[in-house]
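One structure below.
The first chain written gets the first letter, and so on, giving A, B and C; residue counts start at 1 in each chain.
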Amino acid sequence: PLGPTSSLPQSFLLKCLEQMRKVQADSTVLQERLCATHKLCHPEELVLLGHALGIPQPSLSGCSSHALQLTGCLRQLHNGLVLYQGLLQALTGLPPELTPALETLQLDIGDFAINLWREMEELGVAPAVPPTQGAMPAFTSAFQRRAGGVLVASNLQSFLELAYRALRSFAKP
Amino acid sequence: ECGRISLPTPTVHLGDPITASCVISPNCSHLDPESQILWKLGTELQPGKRQRRLADGRQESTITVPRLSSPRVLLSCCVRWGTSLQILDQAEVQAGYPPATPHDLSCLMNLTTNSLICQWEPGPDTHLSTHFTLKSFKSRGNCQTQEDSILNCLPNDGQNHCSIPRRDLLLYQNMSIWVEAKNALGTSKSPQLCLVPMDVVKLEPPTLWALAPSPEVAPPQPGCLLLRWEPWKPSLYIEQKCELRHQPQLGEDSWVLVGPLLSQTLQYELCGLLPSTAYVLQMRCTRWPLPGQWSDWSPSLTLTTAQR
Amino acid sequence: ECGRISLPTPTVHLGDPITASCVISPNCSHLDPESQILWKLGTELQPGKRQRRLADGRQESTITVPRLSSPRVLLSCCVRWGTSLQILDQAEVQAGYPPATPHDLSCLMNLTTNSLICQWEPGPDTHLSTHFTLKSFKSRGNCQTQEDSILNCLPNDGQNHCSIPRRDLLLYQNMSIWVEAKNALGTSKSPQLCLVPMDVVKLEPPTLWALAPSPEVAPPQPGCLLLRWEPWKPSLYIEQKCELRHQPQLGEDSWVLVGPLLSQTLQYELCGLLPSTAYVLQMRCTRWPLPGQWSDWSPSLTLTTAQR
């Protein structure tokens, strides 16, 4: 497997960073729509509900600056993407005006997870068994789906922010 | 489930009060079950709520908003959590009016689209999602007896006209037509029209031509014009009468009307005009003697009368 | 049934012969069963037919048309009946060519419609109803192995382009794409493209602005222009490089190219120009360093350089 300070193939890294920016842009659109149509503009107003619903937040410990480890970071990034695919799937049923934004985000995250997995396979760092999504929270009302949408999109932004900084540091010196 | 708002109805009359209740559940993790429930209307905290503990230990808060003054309001049930205000549930209340009676229903039989096109005035905005349906049934005599099932014509969203296709029409029989408007607060029906589709046929205008002088056609007298016209081709099978109107191209004279005229004339001399003057001419036709609607005026034809 | 034409095939190659037979049945009322069968090609009576009586008493006539020279031909089986020629059956024969190999297949990823738009050259007219289908499959590596089912994209009639929607695409993975043409005389396939959708992304042009002098921005030197530009908003997440081209508004000078330039610049001074001269400026961008297609040139911006 790759050493801690190995670097990623330039072309893959550039595509990875581009996809991250694309997913972040998609999730910003979803947040803007939720704010515009349902006045749910502040994730910090929904933290309690988020705890109660049990919305999981994936770990990126392998990508933090003081414990940077390429294989671990890539695997955690991929696990996180798979988890967010599941969370976004659980949000199906959002009102029609939000569906295009949600679908674009789902498609782009799906693309990103596939590309990352295939690259990890080629780099020989993919785990033997692909990760599964695990149990997803149940959003039982229209409001919970909307609130869940705000929280998932906001958490996803921070998740990608951290991963983006980590991957940039794997670029060829 | 931490908090759940319940509303008697999600839609009320604009200006009416609304009472909502929110129940927070003790098994909501991280939440102090004795928390004080707060309400937000849009982004404004609301006074005047009553909170009590239910038999099963849950807290219930009830609030009455005296007058809903905007068509769409977001009610949020919140609690304080540390220094922040947390939203536990949110409900959208719509306020508006029941549909007014649609009026000015009128229909035209269009031979180009081969459909009966009806339009109406929807009445004032109800602020609510209101659906209009054009309903009709075929009938004998004067529409008192319904002959077959009621037909529904659904206009495109936001449009106040609908087209009943040819296959649903008996062109020479009576049919009863009305508009129904429906929203969350009620339904209303327009007065019923009783009409025969062909009796409201509206033709396309005829085509006007100048008649160029030729060996067979003597040049027009001073102050006269030589014309010919033809009815709209698809209406050739319909007996019609037409009307011509003319006015000098320059100046403020109003239109002079000439009619009734046959629907087809190979040569017509229009006299009584000023010599060497440019005139603007238009023509329209209508089914006649059977009832029908006048066509629009034809595009203008500009001709200049001969000199003295 | 009085007469029945039978054809080996309703569609033949243009210029090929075709043999048809027509059998008239004795129990066709009013028809003399011994009638001589006549053939019409279109409206022309045809010579060179052979007629024989079948075992069951029916008459059969066979005709061979040596060369079909028009794409649509009507063959009629007739008999004389009193003084008139009566048509008993009719068959349409189509003549044309099998589809040529579609060529010049090219694709662009359109971020506005979020679809991969492919277009191709259909090749010469086959005179026959020919259907084109854009086929593709996702693949790893260089499109040798097919990953999932083949996707069919059906263009609208008569169009030689088709759009594969976003949900059927993996934007950063290889896919194999080709066009299949099919008509009654055969099928042909274009060469296969192997591409990654995002690597053929074509952006919309950037937006160019003049930079008005202000307290923070010193007025430009003589022979210089002050500009700024922004990439197309939906492509902000894509790293790009851009090119600027300019030419004097008047005169025949060709474009001068300036680049590569960053995709976003708040202030750029373009110098080396003639003083107090009006210049036309345009800009375009492409995904870079990752592969992509150049956008079209932006609409022109016309600016005049400062005086000496």
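Note that in this section contacts are C-beta pairs under 8 Å (C-beta built on N, C-alpha and C of every residue); 3 or more make two chains touch, one makes a residue touch a chain.
Because the structure is a prediction, the values reported are computed rather than measured.
Of the two chain pairs examined here, A-B and A-C, it is A-B that is joined by more C-beta pairs in contact. With centres taken as mean CA coordinates, the chain nearest to the overall protein centre is C.
Inter-chain centre distance (chain A to chain C, centres taken as mean C-alpha positions): 39 Å. Measuring from the averaged C-alpha position of chain A to that of chain B gives a distance of 48 Å.
Not a single residue in chain B touches at least two other chains. Counting partners per residue, chain A has no residue that reaches two or more other chains.
By the touch criterion stated above, chain B contacts chain A in their complex at residues 1-2, 4, 28-31, 42-43, 74, 78-79, 81, 84-92. Here chain A touches chain B in the complex through residues 38-40, 44-49, 51-52, 140-141, 143, 146-147, going by the rule given at the top. Interface residues of chain C facing chain A in the complex, by the touch rule stated above, are 114, 140, 166-167, 170-173, 198, 236-239, 289-290. Residue ranges on chain A touching chain C, taken from their complex, read 11, 14-15, 18-19, 21-22, 24-25, 103-104, 107-108, 111-112, 114-115, 118.
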